[in-house]
Amino acid sequence: MEDGSRRVAELDTGFFVRWLTETASAVDREADRLTELDSAIGDADHGSNLRRGFTAVTAALTDKPPPSPGAALGLAGRTLVSKVGGASGPLYGTLLRRTGRELGDAATVSREELARAMSTGVEAVAALGGAAEGDKTMLDALLPAVRALPESFTAARRAAAEGAVGTVPMRARRGRASYLGERSIGHEDPGAASSLLLVAALERSWEAADE
Amino acid sequence: MEDGSRRVAELDTGFFVRWLTETASAVDREADRLTELDSAIGDADHGSNLRRGFTAVTAALTDKPPPSPGAALGLAGRTLVSKVGGASGPLYGTLLRRTGRELGDAATVSREELARAMSTGVEAVAALGGAAEGDKTMLDALLPAVRALPESFTAARRAAAEGAVGTVPMRARRGRASYLGERSIGHEDPGAASSLLLVAALERSWEAADE
Amino acid sequence: MKMLINAPERVVEDALRGMAAAHPELVVDVENRVVIRRDAPVAGKVSLVSGGGSGHEPLHAGFVGRGMLDGACPGEVFTSPVPDQALRAAAATDSGSGVLFVVKNYTGDVLNFDMAMELAEDEGVRAARVLVEDDVAVTDSLFTAGRRGTGGTLFVEKLAGAAAEEGAPLETVEALARRVAGACRSYGVALSPCSTPAKGGPTFDLPAGELELGIGIHGEPGRERRAMMTSAEIAEVTVDALLEDLGDSATEHPFLALVNGMGSTPLLELYGFNAEVRRVLAARGVVVARTLVGNYVTSLDMAGCSVTLCEVDEELLRLWDAPVSTAALRWGC
Amino acid sequence: MKMLINAPERVVEDALRGMAAAHPELVVDVENRVVIRRDAPVAGKVSLVSGGGSGHEPLHAGFVGRGMLDGACPGEVFTSPVPDQALRAAAATDSGSGVLFVVKNYTGDVLNFDMAMELAEDEGVRAARVLVEDDVAVTDSLFTAGRRGTGGTLFVEKLAGAAAEEGAPLETVEALARRVAGACRSYGVALSPCSTPAKGGPTFDLPAGELELGIGIHGEPGRERRAMMTSAEIAEVTVDALLEDLGDSATEHPFLALVNGMGSTPLLELYGFNAEVRRVLAARGVVVARTLVGNYVTSLDMAGCSVTLCEVDEELLRLWDAPVSTAALRWGC
């Protein structure tokens, strides 16, 4: 059953906290695979970078329970910026902070509102990194995902999954993989893979909320 | 047929030059094996050390044909000292120089005279290096060889071969292999192996002279 | 892959503790991962701050001291530092004369240092930035993240550091740093991959009998794989890649040369390689004024080498010879 | 095993050509394999000459210069130099005040330098010799060639070099060198074997998950093989081996510490190891006055480390701090 058809609005702070801690668990589980992907076309640290960052996010959320969805994303984004480093730290940090800022201090938000805010967040990532769709970066998973999000969480996750797989035949034009030129072709982009984890955690958090 | 029974004396300068160049070819052929032996219980350079030294010996003998057996050994010994380095350079250098000095400037020498001179040369090696039989060094091939040399060249070669194999179960007490303690047991000493090449070349030179 | 470590996630912290123990002339803030000169801030002096992922030692912390960097902020292995670190290093070393960040051109470094610049300005610290992008192996820079910053960083830090030590104002130090960055060209070759603590093994496969040309310093594979070559042949490929990029001007001025080891190539081999590099440069009519041979900008335990050339005039040569006193580069004092 | 070389038999010659190109302050006689200070012989000064097999760079040629060695003679890889080389270095640097040979205790080095001493005396050069035998991993020295000379060599060369630079006469420099040699203890650990050019591959096998304790610097296996340990555990084994040999006196005087890389262990790891070494020493009540961390006495591309402790008094500490200006060790000038 499609989640969109069941309920309106009401993604509360608890939902956002769950989303972020779900992402943290997924990153922890998949860290070695992310590092492995980064080792093929990057510098073999994406998994450990995100694990360090999201472990700190989970700790921060427990430490200072955020008052609103926007505050939860803002805290997570700031934590990523100050704990991850690398390219993914500022990029994921910007995604979450910017999305959080768009949500303001509303106590609950609808999926449509989240989709609009995330779209702004993803635009900020594109602006910061100077990348576009097709450059073989996290954007190739994030952009399709936010486009599909108004439809449903599941559609967003499917779009992210397709987007991530779609980076395999691409030649990288941004990030470290771009140094490889033609040799970047044939490998999945690690950032696209981690973006899928983020979007899949969103879907799972929704399903959990539904139970 | 035992060489000792056929002829007396008359090892001339040509014989000694042949012996030394024969040794040089043998060392060249076996250099990798000597280095391999040295890699197990030493520092993996014995073959290349001796190859460098005996190549220079061959060149020196061609360059300045020596006037006597004693001069041939003296030239070879000095060349080894100034080209080999390591432990084996001074030791083999001393063996040949000292043996050569004992032979004086006689135009030919008998096998018995050579045996006496070499015995003095080997004693000088023992004095210089402070090693005794059973310490797992070149002496374990050289000492039996010079003891058997009065009997025949073949007996000397056999004694050297037995001596070299006999170093396998020994625990080294001199040279680099001694640092390994118990772990030096079970490997043939590289210097004993190269001493066998020297003594075997002596036998071959004799056989060639006989043809 | 065996490493002399306690645990992958403790590597940088442990190294900083060890630096603190070995170098009383440095202030090492282990918790916040910042290394600064003990006498910082130096009154009237522009502060030079650099940083980047760890794994390139002695770069950058090994270059903190009189005549070079005022502060360094090491990130995790191959991961650029976070903005807080860069900000802290800047704030702790700023005498009021401003801070110049020396940033190697990698997406992560650029983004994190840019964020630090904004934060610094917010705190009233005047901050400028110079990008090092010297790696000629990155071609088609329109379709890439641009040229990587590698060995040229050492020249930028040394020469701008000498200018700052002499009391030049921020604008002058910044302009000089930019000039030096523009005068540097690097090219690297790997004979083996490196192993990162996080991965616990080699970051790529390199079959016996092959080498990688045009590698970076982050354990990434290079642009091209070829059959193993002699030192003389590698020197030819490397020098020609540099000279092709420099164009005709290469014979007009003398150069500083860095013949750099990637980490596990013995110094014996590096010196031998330097002989070949010098031979090829001489054959092409290029004059070398000063040479540095050693492991300065490394990639953990990668085997291989890189060559950096930095075109100099009288002024830059004087700044190169000026006193420097850091853990890894020291002369004249 | 891939190496950055032209051919195994050219390695030392090529390295010397490269040293000559990089270091105009040295006179490098490539053909005769001798490296000396450009200002040698220095009037009224005792000359310090050392040498040994190549493959331990920067030892010894990297330590030629003001305040340390006057001359060095590098042999083939892991092969002690021939007497002619040592004689040539001595003759070229002797000002008439005599020559002190610093010799690491290996059969080959001892025999070749002893021959050089005789030749030097024949040529009217007053010559003395100090043996470095600091490796505590060699036990039962009655049944061995005696303790090996390893990291302690750096301390002997630096401290005796400083005394010679101050104008001390041969007997004084020799006595001081002997005192320093007696005050040094070393212990080494390998995580991987090295590969020599002559062999073209590793000199011994070391399975994944194991390390060798008590190794030397010639690619020889150690005394004992154990399961891989953490940096903290390795520091404990190492320090305890040193302190056991030093006995109760270890807490009476401060020490100089050399935390030395064998060649391919990254500086990042060495600094981390230094933190652990310092922690263990502190726990045992041992005081460290100065620390040097880096690749100084290496074994080609071996991964691993060694620790050398050198007990000092005021005088030795002053000599350590005295100016030194060589390719690999430089401060105060």
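Letters are used for the chains, namely A, B, C and D, taken in the order the chains are written, and counting of residues starts over at 1 for each.
The definition used in the following text is that a contact is a pair of C-beta atoms (placed from the backbone, for glycine too) under 8 Å apart; a residue touches a chain by one contact, two chains touch by 3 or more.
Since this is a predicted model, take the numbers as computed values, not measurements.
Annotation: 32 Å between the Cα-based centres of chain B and chain D. Between the CA-based centres of chain C and chain D the separation comes to 29 Å, rounded to the whole angstrom. We define each chain's centre as the mean of its Cα atoms; on that basis chain A and chain B are separated by 74 Å. For chain C, the set of residues that touch two or more other chains comprises 77. Shared interface positions of chain B, defined as residues touching 2 or more other chains, are absent. If each chain is drawn as a node and touching chains are joined, the picture is a simple open line.
Every pair of chains meeting the contact definition is listed here: A-C, B-D, C-D.
Listed in rising order, the residues of chain A touching chain C in the complex are 35-36, 39-45, 47-49, 52, 81-91, 128-129, 171-176, 178-181, 183.
Contact residues of chain C toward chain A in the complex are 8-9, 53, 75-84, 106-108, 111-112, 115, 137-140, 143-145, 148, 196, 198-199, 203-204, 216, 218-221, 223. Of all residues in chain C, only 2-7, 10-12, 14-22, 54-55, 57-58, 62, 77, 191-192, 208-209, 211, 228, 230-232, 234, 259, 263-276, 278, 288, 291-293, 295, 298, 300-301, 303-305, 325, 330-333 touch chain D in the complex they form.
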